[in-house]
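Two complexes follow with subunit A in common, the first pairing it with subunit B and the second with subunit C.
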Partner chain A sequence: MQFFGGSEISPSPPAPTAAGNNAHMMYVFNRNGVCLLYREWNRPLWTLNAQQDHKLMFGLLFSLKSLTAKMDPTSAEKGNLGVPQLPGQGCSFHGFRTNTYKLSFMETPSGIKIILVTHPKTGDLRESLKYIYNLYVEYVVKNPLYTPGSPVRSDLFNTTLDQYVRGIG
Partner chain B sequence: MAAIYSLYIINKSGGLIYYKDYGSAGRMDTNDSLRVASLWHSMHAISQQLSPVSGCSGIELLQADTFDLHCFQSLTGTKFFVVCEPGTQHMESLLKFIYELYTDYVLKNPFYEMEMPIRCELFDINLSQAVQKDRVALLGR
Partner chain C sequence: MAPVGPRSGEAIFASVERVNAELFTLTYGAIVRQLLTDLEEVEEVNKQLDQMGYNIGIRLIDEFLAKSNVSRCVDFKETAEVIAKVGFKMFLGVTASVTNWDAEGTCCNIVLEDNPLVDFVELPDTCQGLYYCNILSGVIRGALEMVSMKTEVTWVRDMLRGDDVFELQVKLLKQVPEEYPYKDDE
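For the complex of A and B:
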């Protein structure tokens, strides 16, 4: 599968490991922290309203990134804690797991952040996130009517996404 | 090559009470380790708020590009976390073992004040033995 600059979506998405819908929700943020897309499939618990929830999620990822950049045990030059990192700069992370959910995270060089929250037993979803990013490029970025930085309202993208996520094990 | 890079213990309010480095590049200074520890405390709490289902008890494993962070929270809110190489196995059992050492050598020490930095010689000795043993086991595989 091509990740950057691919004009075609790979014909066979990464093979889902098991049948059934394990995904809880998904967020897409741009580099300014605007929530471009929020989809939920199975979310019984809401502790905050939608806007606060998105802000908290973005804040968590931002802080976790500065934490991992500072903690990186393989490099000696880490800079100061809390200094904003450019995409691809410093040590980032690709996911975390709690007892009730697993969060997978991907950041593109342009600062788009894709977050997928699934069942804690799901495997490595990095390839799936790349595939979702390809869907985003195909259905959203290449849409001439789409204004960059505005929330995504594309039924075609949503249905394709739903279909794909349903297959993730 | 170290399998375990460092170990942190934070009390229930997020204060660092124990920090041991086992050979990461560019050792963190005291201020930074305190900041990182309290930052982890807040991230742990926020992750519980964002859970899509109820009953979440915070991050257990954080997978970064160059390391894994395993966290164990005791019932009283003390958090133990190790930074290790990506994909290192059996860290949960090591953390549980460290917790046992903590209860034995720190909590049962009559001179130890709760929630204060840990300065117990016996704990240090037994901890370094445990980590050493873990390392040998990792190298043996």
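For the complex of A and C:
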């Protein structure tokens, strides 16, 4: 990334815990529900077409977030279920685990949602998601040829991402 | 509780890659100069600088969030403090102060005593209407829009026009709630 005057990504990536590729797929959405990026490493089963799949994933997260905020026992003020929340209101979840996979989720105040689906035994990936956000900033946001809000087409970003995700335990 | 973000941009400023301040100042000056030549009208230049700032702001917010580790702000007061103390420090190497809150906490002034953009600058008589640093107001507007705050940012005081500091008024117009983006369910 020297061409764009990119700096070294800081902080340095959290150390991977084990070798081997445990990641299934990754999504990046923006606030408007546009799937900016979809990467797939290991996904034997497809039941929907890509567009439906992205929509379903976004819908799942959106509803789950609103549910988790509704069930929050620590906060006194909460809107009705389904009523739009102001950004910053309510709590947020950062992952869930089923018997077959684990989904890790991060949302930035700017509305970028990063979703990583991995093997159910993977540990806490919050630091990894932060690192991926840093990669996104360096390779996508700082690229002058990238139009904000459009799907990402950057081989450089994809390669770096693949390399990093391969190391996640 | 989420970890509280830094209340000063000092550490981040020290760790990011920087460019030479004079190069930065002169480059910005060259841009403004070129805009004046191209657009001729001072008003148009103000508008263009604001638009350029806006385009920077909508990208800059992500870099800011990624590097600063600032978590969600509770209210607009905190937002303004973070802009002044962390944002300005991180990107321009100076800190600003927040003053003049109105009763509702939706309008405040950000005061910049030190502004690296205007070193070596004097406004000639022909450019008296120019807001030389209008790019900054655009940046703030763009960045805040990406975190769902519609704002209006205007210059109140400008050292190039004989005031003793730079002062920006930031007015929160509305906060946009997060809505489900898909309209049709086909």
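Here is the rule we use: the second predicted complex is superposed on the first by the 158 of 169 C-alpha atoms of A that agree within 3 Å, B and C clash if a C-alpha of one lies under 4 Å from a C-alpha of the other, contacts with A are read in each partner's own complex, and residues count from 1 in each chain.
Rule of thumb we're sticking to: a residue touches a chain if its C-beta (ideal position, glycine included) is under 8 Å from a C-beta of that chain, and two chains touch if they have at least 3 such contacts.
Note that the structure is predicted; figures quoted are calculated from it, not measured.
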{"item": "Which superposed partner A:72 touches (first subunit B, second subunit C, both, neither)", "value": "first"}
{"item": "Residue contacts with subunit A in the superposition, subunit B compared against subunit C", "value": "B"}
{"item": "First, second, both or neither for A:142, with subunit B first and subunit C second", "value": "second"}
{"item": "First (subunit B), second (subunit C), both or neither touched by A:166", "value": "neither"}
{"item": "Which superposed partner A:59 touches (first subunit B, second subunit C, both, neither)", "value": "both"}
{"item": "Touching partner for A:39 - first (subunit B), second (subunit C), both, neither", "value": "neither"}
{"item": "First, second, both or neither for A:108, with subunit B first and subunit C second", "value": "second"}
{"item": "Which of subunit B and subunit C A:47 touches, first, second, both or neither", "value": "first"}
{"item": "Touched partner set for A:97, first subunit B, second subunit C, both or neither", "value": "first"}
{"item": "Residues of subunit A that lie at the interface with subunit B and also at the interface with subunit C", "value": "59"}
{"item": "Subunit A to subunit B touching residues, read off their complex", "value": "24-25, 40, 42-45, 47-48, 53, 56-57, 59-60, 63-64, 66-68, 70-78, 81, 91-101, 103, 117"}
{"item": "Sites on subunit A touched by subunit C in the complex", "value": "5, 7-8, 10, 31-33, 55, 58-59, 62, 84-88, 108-112, 130, 133-134, 136-137, 141-142, 148"}
{"item": "Touching residues on subunit C, where the partner in the complex is subunit A", "value": "15-17, 19, 58-59, 61-63, 65-67, 70-74, 146-148, 175-182"}
{"item": "Subunit B residues within the subunit A interface of the complex", "value": "5-6, 24-26, 28, 32, 35-36, 39-40, 42-43, 46-67, 69, 83"}
